[in-house]
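Several structures are given next for inspection.
Each of the next two complexes has chain A plus one more chain, namely chain B in the first and chain C in the second.
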Partner chain A sequence: MFEARLVNSAIFKKVLDAIKELLNEASFDCSESGMQLQAMDSSHVSLVSLNLKSDGFDKYRCDRNLTMGMNLTSLGKVFRCSGADDTVTIKAQDDADTVTFMFESKKDKISDYELKLMNLDQEHLGIPETEFSCIIKMPSGEFARIVRDLSQFGESIVISCTKEGVKFSAQGDIGTGNVKLAQTNNFDKEEESVIIDLQEPVTLTFACQYLNSFTKATPLSNQVTLSMCENVPLVVEYQIPELGHLRFYLAPKIEEDEN
Partner chain B sequence: MGILNLTKLLADIAPQCIKETEIKTYFGRKVAIDASMSLYQFLIAVRSEGAQLTTADGETTSHLVGTFYRTIRLLEHGIKPVYVFDGKPPELKGGELNKRMERRAEAQKALDKALEAGDQTEVDKFNRRLVKVTKQHADEAKELLKLMGVPYIEAPCEAEAQCAAMVKAGKIYATATEDMDALTFGSNIVLRHLTFSEARKMPIQEIHLNTVLQELNLNQSEFIDLCILMGCDYTDSIRGIGPKKSIELIRNYKSIEEILKHIDKDKYPPPENWNYQGARELFENPEVADPETIELKWGEPDEEAMVKFLCGHRQFSEDRVRNGIKKLQKARGTSTQARLDGFFKVLGTTPAKRKVEEKNKKNTSNKRGKTSGRGRPK
Partner chain C sequence: MPRVKASPKKCVKSNLQQPENSWVFLLKGEALELSEQYTGSGTPDIVTLRHPNTGKSAIFLFSPSNNSVQEVLIVDEAHRSWFIDENVKSDGKLHLSTPIDPIFLVLPYLRKLCSKVAQPLNQFLLDDEFPETPRLLKSSGLNYLNMIADKKGDEELNAFKYNEEKTLNWLKKKTERVADILRQKNVGVTSSGTTSSNFIKTNKADNEAYLRYAHGIVSEYLVDDLSEKLLVFLGLPKDATPQQQQQQQQQNLKRKSLSSAVPLEVKKMKIDESSKSVLDLSKQEKLNSKEKARAKAASGSKTIMSFFKKN
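Our next item is the complex of A and B:
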């Protein structure tokens, strides 16, 4: 038997909004430690890794490890039926064919939605531990804005990080765009500052399309962390307060020198 | 012609091994294309009002139109194609080739009759049956590929065998052909419909040999014997034994030798002087060029030479050719997107587990539909 209760169902909805553009369907792996999801998008360029810790839930019970494959569009429909202040309880029997979402509103209204589960092929990827050359922490809204702005100029964004700061640039048929952010010296408001932890300068190129999809996670957190290293996928991480994190991995674009 | 009914058999008893995907998932992959097969497709499919495209003096250009546009499409999707042409046909294929010649002669007769009767649909039908890829077609296509900067290889013998050897050596990702015998030659991954027209919206079928063997519960040599039993290009098969019977016999007796010892020869007479050993040898050790000696290079297209080649007496529209070349250059110029699975190792795939009763149900109902889509409702 699996049961997880979250007083703030809106968080789950935000998580869903953040990943459903990249993934059509995905499996949630539930265990004693929490709910996890790892899946690549269909073109195998990016990876979504979601971790929701069991102690972040208001109630959590998982007797047996359980994999729940769901169509995320359908799951979106279920959550569209929920109110902003509702409490959600996710329930499934061991080896069940369906999962139930129960929404309780403050006004004694209770609604139940049952969703059919799917059997999905799952590819598990081993993600090696990486010593990143630079880790950039910045306001998530700022990052979303930069990506959106630069997407108008080209298909890819070059992120270049030095000790002076971080530079985002794009170029295309109509011209070029550059955004430079310097490290903030004023640490009064941590969530508004740009903090760079630099081992060595890095410059990498990424496709706008995927970065734009990642920024759908902006409502989850005020801050975003970008971790970069030469010849390693970019990691974009959003902390989900008290519950866990949502990470996106993105393979860089590489210059073609030899076949 | 490949292996008779193999696709159908797989769809029926091992639907898991055929995955349907989209062309965009293959970016960054090197793919070997069976050139004779794709040229034949182009000659059949690239037509205007039922007739092949030709120059002013009646020379066919359908194969060039196809090669030009569909290669551009592959490159635009970030796929790196290498075309593999057939060499001399293996001796064992003589019988099959003779049969094809007879069929052509019949088609020619039927065509003459239809022409006389003035039946246009019949004329079209038999015209298509008479299509043949000539050496000239192949040579022209090679010339065009060279100008486009796309590599090609001339196989010493069968193209599928050469492709399979290159896949096995890890030189390329997959073989793109419609012929299922690429699997028999041991190509781990076979893609079908890759060079089909975009307008047909045909999903690409990706077939993994490992999954095929696993699902059929056979090893490679048993699989080869199965293909010979079902009917291949290189020898006859036993009359009266179809796909279902073949798989049953192979599962029981493991090899053609054993099968011959056990079956009722009056009911199922094996062909006279049946050279199944020869066919088996051809599948196991085909004549191929060593993949390690092959160098694949995707180069810069030669714009002026291409315009001259296509627009001269072959009457391609210069605007369209230059447009196509622009696309080629763009596909080359931009940096390529790397694949995530190139960085992170796939630790393992958990295939969707199916319940036993469902598996049985699947065998009887809705056979074809089950091959589509990744997810299966429980």
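Our next item is the complex of A and C:
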């Protein structure tokens, strides 16, 4: 059987809020090492990869590898029933067709919700190791703000990283917008600084809509890591403290040769 | 399309346990033949796809390896039954399948979704209502997609942008080929008086009449505005006078009778007509607004699968 207990159910809720914007349904692959999720959005342009390590849970037991396909909207409904500081326990029997979520509040209230599982035949993609040309670490709130601001100007954002810093720009019918961030010199507070690890300058274009969806993960972490390389998908990574990480991969836009 | 006259293999599906589920189906042999690489179950699949002219659902047949597509037509006549072995089958319908160029089926999608920006083939060839649509990707006929569209980006991406000029040229060639076949077969296409189209005339019809007739045939697989553009492109005068219009109508009527060789009523198979009333491509997506917006945002991006290999 499978059992995973998380004292802070709010983390799981945040993860769910971060991915349900892009995915309607997804499979959690549970193994001894933890819970993983990999899925593409309906347009097959982005990939969500979630990894929750088993030792990040307060109790974790997985006797047999298990794949739990769930409708994320329904899962959202389940978590809407939970309180902010509830403890959650996720339970499933081997070969079960349902999964149970049990919420325990501090006030001796126990509620459990059973959710029907779905059979999703999802393709697992192998993600090759990439030497990125540049890796940008920046405050996640800042990133969310920039993406939100620039999406008012155009449908795509050009991210261009040089040794001077990183520039986000968008252009559209009403005009253009540019946001430049220079590397922070003061490294006292890592999560508040912009750190650029640059091998070679790179400029790539991405769809705003997707970047905006990725920033739904902002509550998970103070810091976001953007990894870029020519002709390789952008990786937007949010660390989930003590539990794992949530990564979004986004294919770059094809350069238009005319129009 | 020229009507391919091959000697069809007779393939009578008779299921004596459930005779009500059997059909009489005339199938062109190639749909049953297996390609060498193919190792699957080996039966052709009957699926519904969006008909390129009406936008409604119509029945098509995929060969076992998906590499050819055939259109299924029903010849239905009242008061007819079949004898199958020792049984009588009261459903007297005759199902016929003829190969169709898959480009005709892709054209509406291409026109709608890729006229401004290039999009990868596997991104625009999706239809929520007809989940089998992406199977067209495998058909060998799609190798000629560059006849109607410009290929953008690199090879593996397979992104295309609709090119109307190319399309009209391609359709013109198709039409001319149909006209040639009509001429060879001596099909009567002139519109003087009321003659049956399989009445063999002594005086030959002129080129234009053949071309116009062929245009009518090709237009069965085109949306109306494209059909009109093709008419102009072919240099045929639009139906200027009511008299000509009438002729056109007559031709259309005759055209219908030709398609069944004997004057029978030939119908496109329509499934569940009531629930799927006239729907054009603009209504096709039942995605919610979020997904729609995302699909729009995704245009112009490669699919993520082109970067990551399948495990």
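Going forward, the second predicted complex is superposed on the first by the 255 of 259 C-alpha atoms of A that agree within 3 Å, B and C clash if a C-alpha of one lies under 4 Å from a C-alpha of the other, contacts with A are read in each partner's own complex, and residues count from 1 in each chain.
The rule we apply is simple: contacts are C-beta pairs under 8 Å (C-beta built on N, C-alpha and C of every residue); 3 or more make two chains touch, one makes a residue touch a chain.
A quick note: this is a predicted structure, and the numbers were derived from the prediction, not measured.
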Room on chain A for both chain B and chain C (clash or fit): clash
Chain B versus chain C as contact partner of A:89, first or second or both or neither: neither
First, second, both or neither for A:208, with chain B first and chain C second: second
Contacts of A:232 with chain B and chain C, given as first, second, both or neither: both
First, second, both or neither for A:252, with chain B first and chain C second: both
Touching partner for A:40 - first (chain B), second (chain C), both, neither: both
Touched partner set for A:118, first chain B, second chain C, both or neither: first
Those residues of chain A which chain B touches in one complex and chain C touches in the other: 40, 42-47, 123-128, 155-156, 207, 232-233, 249-254, 256, 259
For the chain B and chain A complex, residues of the former touching the latter: 22, 24-25, 27, 80, 296-298, 332, 334-354, 374-378
Residues on chain C engaged by chain A in the complex (per definition of touch): 116-118, 122-123, 152-153, 157, 159, 287, 290-291, 293-298, 300-311
Interfacial residue positions of chain A with respect to chain C in the complex: 21-22, 40-47, 123-128, 155-156, 206-210, 213, 232-233, 249-254, 256-257, 259
Of chain A, residues touching chain B in the complex: 25, 40, 42-47, 69, 71, 97, 116-128, 155-156, 205, 207, 232-233, 249-256, 259
